[in-house]
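Next up is a structure, given as structure tokens.
By letter and in written order, the chains are A, B, C and D; residue numbering begins at 1 in each of them.
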Amino acid sequence: MRTFRLVIACPDRVGIVAKVSNFLASYNGWITEASHHSDNLSGWFFMRHEIRADSLPFGLDAFREAFAPIAEEFSMTWRITDTEQKKRVVLMASRESHCLADLLHRWHSDELDCRIACVISNHDDLRSMVEWHGIPYYHVPVNPQDKEPAFAEVSRLVKHHEADVVVLARYMQILPPELCREYAHQVINIHHSFLPSFVGAKPYHQASLRGVKLIGATCHYVTEELDAGPIIEQDVVRVSHSDSIEDMVRFGRDVEKMVLARGLRYHLEDRVLVHGNKTVVF
Amino acid sequence: MRTFRLVIACPDRVGIVAKVSNFLASYNGWITEASHHSDNLSGWFFMRHEIRADSLPFGLDAFREAFAPIAEEFSMTWRITDTEQKKRVVLMASRESHCLADLLHRWHSDELDCRIACVISNHDDLRSMVEWHGIPYYHVPVNPQDKEPAFAEVSRLVKHHEADVVVLARYMQILPPELCREYAHQVINIHHSFLPSFVGAKPYHQASLRGVKLIGATCHYVTEELDAGPIIEQDVVRVSHSDSIEDMVRFGRDVEKMVLARGLRYHLEDRVLVHGNKTVVF
Amino acid sequence: MRTFRLVIACPDRVGIVAKVSNFLASYNGWITEASHHSDNLSGWFFMRHEIRADSLPFGLDAFREAFAPIAEEFSMTWRITDTEQKKRVVLMASRESHCLADLLHRWHSDELDCRIACVISNHDDLRSMVEWHGIPYYHVPVNPQDKEPAFAEVSRLVKHHEADVVVLARYMQILPPELCREYAHQVINIHHSFLPSFVGAKPYHQASLRGVKLIGATCHYVTEELDAGPIIEQDVVRVSHSDSIEDMVRFGRDVEKMVLARGLRYHLEDRVLVHGNKTVVF
Amino acid sequence: MRTFRLVIACPDRVGIVAKVSNFLASYNGWITEASHHSDNLSGWFFMRHEIRADSLPFGLDAFREAFAPIAEEFSMTWRITDTEQKKRVVLMASRESHCLADLLHRWHSDELDCRIACVISNHDDLRSMVEWHGIPYYHVPVNPQDKEPAFAEVSRLVKHHEADVVVLARYMQILPPELCREYAHQVINIHHSFLPSFVGAKPYHQASLRGVKLIGATCHYVTEELDAGPIIEQDVVRVSHSDSIEDMVRFGRDVEKMVLARGLRYHLEDRVLVHGNKTVVF
């Protein structure tokens, strides 16, 4: 069923819900899902509506025009999206295939509602798997001594493919700050630890050294500061003294792919609202 | 903070949210929490608002009068409650103390927002623990050959203490049908299995026999059919071949008390809406 | 690292561990993993050792000969396996690809230590995915009016490929009793519910109807009685009133594939000992 | 059933299990539980046996004498304990009662197999609750300007009560280094975060600020470095944007008390072996 998704953030005050739901009701809009959140600490209000497209008498442009006065009145940051305009996803990977294979299969079996524009990798290992899915594969090697040309090419490809969202599916390279800024809240990373524990390289080794009894994974938006962006989703799995680092890596793969798939899904469904360095996930 | 809780269920159609939020906005009602659910299968709509009492110009009675026309227009089943009118809880227990002790401690440390009117038990074992909390304890033995006098006394005590909700905290006796009917959706039980598995007696023994790898607990409203009422909350814990039935019973106690405490809390906060044999838990 | 796995079940009595560990020590066997379990209810003892192959002066045949007297003395049911002799797996699937794709990827990325002999399906949908992995695909349609020829062909293929284990990766057909008997404790099924709840068809619909708050999946050995065989592994995921049956099916897919992958791994690593209708999983 | 617990750590080499199990078998010792762990990284071996006391012809002293040569041969760090000699526990608490009440109830209902020697608190709030259980309560206020006298008194009380283990059940004061050293691996703390995230004060506030999606608790041995000692047990619970810090504190309480109770139980049952800054928990 085609729906419109109306996503709003604004300073909290009386009457927001009434105004918005009146607006929708006045056009006979059929709400299939509605979520609200008042953040007491920040005094901010968040809202997401999913509305049957066929219940409304107009399309996105007319909706935007009609809604603009309300948005202005309440100083809203807002967007409306149409499920028929699928988001364009660029996937980036390195040598490890588990997250990439998982996302490709979910897309292939119609579980992820998006277009996968292309896959970019600093290695050529996963080409055949990607191309079997009918998706273009770009091998962009990164020269450790001079990474700039590679990231210029990555940037060109992301633009060329008109990416709405870039997913670092265990890409293992740090994106340059200007790319992070340009695609703020549009680049999703999976970090293989339960952040803020074990930032940076080799988190499973760090976890083993500290002797933790649970290991985890964190899906977050990429910001200039490494592994410090707004968290979308996390999960953990139990480990014990009998698990080697290799076991942890193996258990971790399952958590990583589940957490990344959930986080990406929330993003694709316009369920994630970023406020400061935190997220509201409806 | 004192709030009113407005809880609504009605056939789904366009305009319900608009009507209700307009009503609240027209009185300057400050909504601190709002939840909605459209059930596609049943065509039913559910809604819960929490509103700051001090933002409204009137009390419960005036609210009820003012809201009645809307309720009628949309054929609503509805209620409004005031957090200052704490619900009166009657706890029932048998010999095992873990659920009772857990609930008493939560109440004692101001975590459970209710009055505990009294404890009724078919044994006298837990009297001292209950009385230390300053709560009346009634020992009502149940004669297996003739249970009627006991349940007549239970019924009398429940009425006498004007119970809003009765909690079977491992009471281990089956309530008579007429009591179930009279207090429909007001009697909460904790069953020591992950229902619908292992209905009835000795569920941990049943679980051990079947060789399950997780055991659980289920908090549900009591109906005339044993262990078949609407489920409020469930949880599980992992077990293995190395766990004896005694171990399962011990692990199970922790799940039971957590699940019962969560279920009761949801009920006390008017978060549970029953529809048919299922619950919406906001 | 190549290891031998010695797996033993026998009536419990004093001296078993001493005898077995003496035997291993007398040949300088380097134990990398050892697990024991005494079942008090049945009076049975279970044991699994993993021994470095290069620490022993002989191969499997000589081991078997040398160990036979001990096995006889203690009335052991036992086996010893060599990690270099990879088990041969026949996968069976229907139209849904998630479990199959998950197992194939784990095998492809060297996570599952086995040979995949072939895939048998009653539909032709998944051929291309399977053949990309270089694995033979057999389409054996099942005629609902006369299933016998199909299962004769299935039986022939399983024999022809010398399967050590058959995995029903959402095969959706009930195997005939004689096949269950012939391959007792060698056919692994994934059932899409938390057994013993919701045996049989459409468990997610049954779960939705009952209003459970967690749904699950169960990996078990297939026996003649439907969904009643020894359970190897189970897990659950939380659902709420807001999840439709389609959502449950989607959440369930993730649990199914994780539980099946874990269960199969335990089996491949000789970690599962069946006793009566229960399993010991070391 | 009375058992002896034999707990061993030593450099790994061939023949340890054989030697130990031979020793036990030669005295007809009935092993009810046996656990082994070879740590590949450190080359260390760990072992725990539980043996029916009535199956052995001698008591602890004779056992120690007979076993000493084996211990010496393999350079073992080892201990043997008798379940009839219950460990003496000193509980320390501050104002928050949830962990203390939980442990007291578990002890009161015979779930925790120990003696509770006394409770020490820097406040007098929990006296009545403790004394109802028939346990001495010592109020030892801590002067923030001069903490030494308080800790001298704490140290005296711990000695006087011959504590085998001290449990900081949300004590909220940092023990002086000399006490940490004197009772190395005998002081158990519950920290209200998933360490190593959020060391130090107000971890739930830190967690809220970082926007994590799970919060946790960690039970660990106290060392001189704050919140950095060997971890015994951890767990987490899911939170969302809709949970305030107060909600996190409330959810956290349940995790804290469960994790502390499990960690203490493992310690009391001699299941925890410390090696470096990590634990083996059998």
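Everything that follows uses one rule, which is that a residue touches a chain if its C-beta (ideal position, glycine included) is under 8 Å from a C-beta of that chain, and two chains touch if they have at least 3 such contacts.
On a predicted model such as this, the values are computed, not experimentally measured, just so you know.
Chemist: Show me the overlap between the contact partners of chain A and those of chain B.
Modeler: Both chain A and chain B are touched by C, D, going by the contact rule given at the top.
Chemist: Measuring centre to centre with C-alpha atoms, which chain is farthest from chain A?
Modeler: D
Chemist: If you tally the C-beta contacts, which comes out ahead, C-D or B-D?
Modeler: Output for the comparison: C-D.
Chemist: Chain B to chain D: how many Å between their CA centres?
Modeler: Spacing between the chain centres: roughly 36 Å.
Chemist: Let me have the rounded angstrom distance from the C-alpha centre of chain B over to the C-alpha centre of chain C, please.
Modeler: Here chain B and chain C have centroids separated by 41 Å.
Chemist: Among the residues of chain A, pick out those that touch two or more other chains and give their numbers.
Modeler: Expected reply: 33, 242.
Chemist: If you connect every pair of chains that touch, what shape comes out? Choose line, ring, star, complete or other.
Modeler: Drawn as a graph, the chains make a fully connected set, so complete.
Chemist: Show me the residue ranges of chain B that touch chain C in the complex, using the header's touch definition.
Modeler: Where chain B meets chain C, its residues are 37, 39-41, 46, 194-198, 210-214, 216, 230-236, 240-242, 244, 277-281.
Chemist: Which part of chain B faces chain D closely enough to touch in the complex?
Modeler: 33, 97-98, 101-102, 105, 108-109, 111, 128, 132, 242, 250, 253-254, 258
Chemist: What does chain D use to touch chain C in their complex?
Modeler: So the residues of chain D in touch with chain C come to 14-15, 17-19, 21-22, 24-26, 28-36, 38, 55.
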